[in-house]
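We just call them A, B, C and D in the order they show up, numbering each chain from 1.
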Amino acid sequence: MTKHRIAILGASGYTGAELVRLIATHPGLEIVAMSADRKAGQTMAQVFPHLRHLDLPMLCKIDEIDFAGVDLCFCALPHATSQEVIRGLPRDLKIVDLSADFRLRDPKVYEAWYGHEHFALDIQNEAVYGLTEFYRDEIRAARVVAGTGCNSMTGLFPLLPPLIDGVIDADDIIIDLATGVSGAGRSAKEGLLHAEVSEGYHAYNVAKHRHMAEFDQEFSKFTGREVRVTFVPHLLPQNRGILATCYVKGEAEAIHASLARRYADEPFLVVLPLGEAPATRHVRGSNFCHLGVIPDRDPGRDPGRVMIFSALDNLTKGSSGQAVQNANLMLGLDETAGLMAAPIFP
Amino acid sequence: MTKHRIAILGASGYTGAELVRLIATHPGLEIVAMSADRKAGQTMAQVFPHLRHLDLPMLCKIDEIDFAGVDLCFCALPHATSQEVIRGLPRDLKIVDLSADFRLRDPKVYEAWYGHEHFALDIQNEAVYGLTEFYRDEIRAARVVAGTGCNSMTGLFPLLPPLIDGVIDADDIIIDLATGVSGAGRSAKEGLLHAEVSEGYHAYNVAKHRHMAEFDQEFSKFTGREVRVTFVPHLLPQNRGILATCYVKGEAEAIHASLARRYADEPFLVVLPLGEAPATRHVRGSNFCHLGVIPDRDPGRDPGRVMIFSALDNLTKGSSGQAVQNANLMLGLDETAGLMAAPIFP
Amino acid sequence: MTKHRIAILGASGYTGAELVRLIATHPGLEIVAMSADRKAGQTMAQVFPHLRHLDLPMLCKIDEIDFAGVDLCFCALPHATSQEVIRGLPRDLKIVDLSADFRLRDPKVYEAWYGHEHFALDIQNEAVYGLTEFYRDEIRAARVVAGTGCNSMTGLFPLLPPLIDGVIDADDIIIDLATGVSGAGRSAKEGLLHAEVSEGYHAYNVAKHRHMAEFDQEFSKFTGREVRVTFVPHLLPQNRGILATCYVKGEAEAIHASLARRYADEPFLVVLPLGEAPATRHVRGSNFCHLGVIPDRDPGRDPGRVMIFSALDNLTKGSSGQAVQNANLMLGLDETAGLMAAPIFP
Amino acid sequence: MTKHRIAILGASGYTGAELVRLIATHPGLEIVAMSADRKAGQTMAQVFPHLRHLDLPMLCKIDEIDFAGVDLCFCALPHATSQEVIRGLPRDLKIVDLSADFRLRDPKVYEAWYGHEHFALDIQNEAVYGLTEFYRDEIRAARVVAGTGCNSMTGLFPLLPPLIDGVIDADDIIIDLATGVSGAGRSAKEGLLHAEVSEGYHAYNVAKHRHMAEFDQEFSKFTGREVRVTFVPHLLPQNRGILATCYVKGEAEAIHASLARRYADEPFLVVLPLGEAPATRHVRGSNFCHLGVIPDRDPGRDPGRVMIFSALDNLTKGSSGQAVQNANLMLGLDETAGLMAAPIFP
């Protein structure tokens, strides 16, 4: 079988490396070009020694890539840079963007959350939101797919089905989330040092994390009314994994049934038996997302709630795995190609 | 100065070791006896090599201790065992119990949560709940003090003042909590292995953790009405530290003012400026508790909430440090004696 | 393609789970039976939730397995148990044993290191030592293969080629080794708790680790004289990975050339450029082993040495990956089938 | 008692914070000034929230400090900067320098290892090497004390006594060392990120670490001949702690006796019983150093060696604790003042 030719822009970050890891054993994809602006001229082995056994192209500048020989391009660049680069790429090139740049349909919302106007509104107009399980048909037909935020996805999976089915109160939703540090990327910042992250836990960007804009957009779209949720992310002393603990009002059995029904045929979404809670370590390194529902002790009385949990690996299902899944659809491949590896535990 | 003579029962667990660590540099306490049933006959250096530089009594059986020479006894035994042992101790011996055995005033509530009737109700009757900052005078006069649960304390500190002051809705409280693994003690269980705890995060005992009984008891007592909260604990891949993220309805400034006023003169409770979140790593190994208040993005609209955070070290302020603080009061010592060591970071 | 039918005995340990993980995406193997004595009757999802997306047979007792329908059996049982079980299995069943039971050819040596006589000497006689890269032909023809110890392998790979080539002094070898905690298995022991392993480092079984017997056997066999090495293992606060730092006398270029030549065509052994050191995190979850050679600062003078490093994942290349590699050979499959997944980093 | 007035230059690094932590409960020292060039104008609570309960001076520029009101100054600046700053300080000010700048007595050696000529040779001339247990009298009388490197100290403690006593072969010494990441300081470098340090282990600066110059200097000084050792440091996935595993030739009992005799009256050096190995977690956060000696399995034959282990906390005994210990001597205080806190475990 001829393999589809893949370029990766921004291959020197963690999501870039994760793309390479996944594509390395993918039966239908082949990497033909990789860019990394500041590391152009280096081999991937120098930048990521865990990939040194692979036969990969040298890292180069974006403008050194001949996109005529590329079937699909993954963009793993920082936001803002991504839109600058993508508007300069051939207009018939299939693109899966991993940044935040094309996730928000309303330019005013983008501007409000990201602090500057959008540079590539025409591409924004054609971009499809990359939440595969809810946009599968659009993604299949799309030229540009915008990967969902890893935190957003972790909150959307457990909440969209019961919201759509009307079995939870849309006005009373809290998403308490904890994420591993790799989500912040490979940037040399004091707050990401081992000594600052290990053996400790804290909330960050409380009630102002940018992924909230995706919650607003998607929850409102799928319910047909404006929905706002309370969202507090925390930083975990671990590399991979996000757990969302969603506090909702509703009836546990109905919520569980809603999730089970909606995700019955999904290859990567696993709904645990009612009463069980997932763990991030059980999806590590994989494209799976585990979902669980547990009722409060006194469901009938205040503040009796239901807790919906979801766990996924921010670099795989939350980013690069999701990107490959969408690329599979865009290229007419089996959606699960290259993505069925089991989680790695311990 | 003559030092008060201290016995520690159950010295071979983590809270026992933490008591020894704190007392080692305490100006007014001296350890004269230490028991550890299965490790009787061993030195503390064998059981806890980090304490090997100390000149300590040999570990012994409880019945080998001459309590006539003891001024105060710390009980760091498992629950149920603790009440069995304490009812056999001299009735004039001062006791600080670290177990759950004497925390719940209503025997029926104890029975409901712990699955068996209480064996020492007379001692329960005289026991004072060890939440120092709210029971200081009673503790000073008490013979038996029951240490609060580490999770309970982490939820009580941020919520009691605003509840007492009536600035939050008592019917709409969620305590999302994450705790380090040392809280589970030094028991050889599969779920506590390094390979099962590190690099992962999950909720446990969802909506059924026994420390909820303390929430019920204390929140109801201080508000004069029955209060129930939603409580979900999670296990962190770290040894020490608890962070509570409390979701409440109210006005952030009023809540912050309530905490700041209530804890203004407290030596160990530190209220951060409004808008700042605490981190467990910043109280590690210390008796301090950091509290923070952050409003939701749209305080005026649904589900606009306020988040109150508290962070403490479960082994120090959450257990053995609290115990020493209470012992200081019971013995007429300076409440902060031996407890002012700064947190250890990184 | 018809898949070979596989049984796994002792599937409830970490090496058992790792076998399942690797076989899950293996093109030529299919799991038809899995035993776990104390967990018989449970599903694998209950024992290892990270494998819950797989369609696997229920865990059973060994005597419930019909070995007529099994082409090859992996034995991931504790040592001593393994020999008891294997001597009761059909004598024409292909077996890959992951325990220490059939590694030592001399029964007296076995008895000396393991403290009891060997129960299945006839099987010991036919067992081939599973160090694939040095016993490939024998393994292809073998019925029973004894997996090498994970520490042994980590020391054998860097030292065998230069010893065989005579470019290092056989009488002056030190193997300083550090290993992740998963090598100790999923047993609930105090010393393996998160609180006892994380944030610390220490040597254990100094100069008396049982894997030394394999060093003695293999180094002596390949050099034709008795070789003894100094061996000190340490426990790392991490789950996976072994790093050996070998201190030898010789000339760095010659040693590097020896390794490069010997492993030039090996699919899983990667020799880094002279002067580079490997890291365990760069082989995590994979079947690769990275090797490096660095000369001392003054090679010509005392105690001028050369350091040879090797890094591998104890659960994959060090155990279950190696087992699958050997099974591939025994079943006439491509040796690398199911084993080419890239390491997972971070 | 009037407290001695202390200034800390470079208070925004980990060793600066550790000095503050130790001095916070020190009975004889009081911090009157703290500098941090880039963070001047901030409070210590902003830079290190774990110290927020302390009443500390604002961080300032060095030239804002009035050194007339300072009795002793700790210099926790980067090397090279330290010598620049110290040569501008009053010539009668007592100084404890934590950098590498005044450790090497021979300017040529300094130049060779640090790549530039020394800027303050007159101060180098009067500086005393801060290895308290071997330079106690000189330190008591010194104006300037140069703190030893944390790795150097971890190798010097186990090896100096047997070298001085002539019970080990000076020409055959290997120091294999593993260190926690806080030793690298609070600098935002990719290699120190949580994702790059956790769950992995590797050697760095093999045979070229600058602390080797201190080994050369001190081992040669105390033996009266030129001694060279092989030295390989490794990076541990933990914050604090160094373990040295020293491979030597000699007789275990004699080595153990040498250490026991030499350190019998040392308050911070603890020699374990023969055959026991220390662990870094058992000295965490303390000024203690644990030492152990274990013979090889066949002491009489090649390569039969003896292993000497030492474990200390790089930020405490290895740096800031050592600095306070030396300051205590220089100020005529009890050497152990403020330093007897027990290690924190777990």
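We adopt the following convention: a residue touches a chain if its C-beta (ideal position, glycine included) is under 8 Å from a C-beta of that chain, and two chains touch if they have at least 3 such contacts.
Small disclaimer: the values here were computed from a predicted structure and weren't measured.
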| item | value |
| --- | --- |
| More contacts between chains, A-B or A-C | A-B |
| Subunit D against subunit C, contact positions shared by both copies (same if over half, else different) | same |
| Computed distance of Cα centres, subunit D from subunit A, in Å | 45 |
| Subunit A and subunit B: spacing of chain centres that average the CA atoms, whole Å | 39 |
| Centre distance in Å when subunit A and subunit C are each reduced to the mean of their C-alpha atoms | 36 |
| For subunit D, residues that touch 2 or more chains besides their own | 14, 182, 195-196, 198-199, 237-240, 278-279, 281-282, 284, 346 |
| Complex contact set, residues of subunit C against subunit B | 14, 181-182, 186, 188-190, 192-199, 237-239 |
| Residues on subunit B engaged by subunit A in the complex (per definition of touch) | 171-174, 176, 178, 195-196, 198-204, 206-208, 212, 228-230, 232, 234, 236-241, 243, 245, 247, 277-282, 284, 294-298, 301-305, 307, 309, 311, 346 |
| Subunit B-facing residues of subunit D, complex | 14, 17, 20-21, 24-25, 48-54, 182, 198-199, 239-240, 270, 272, 278-279, 281-286, 288, 290, 340-346 |
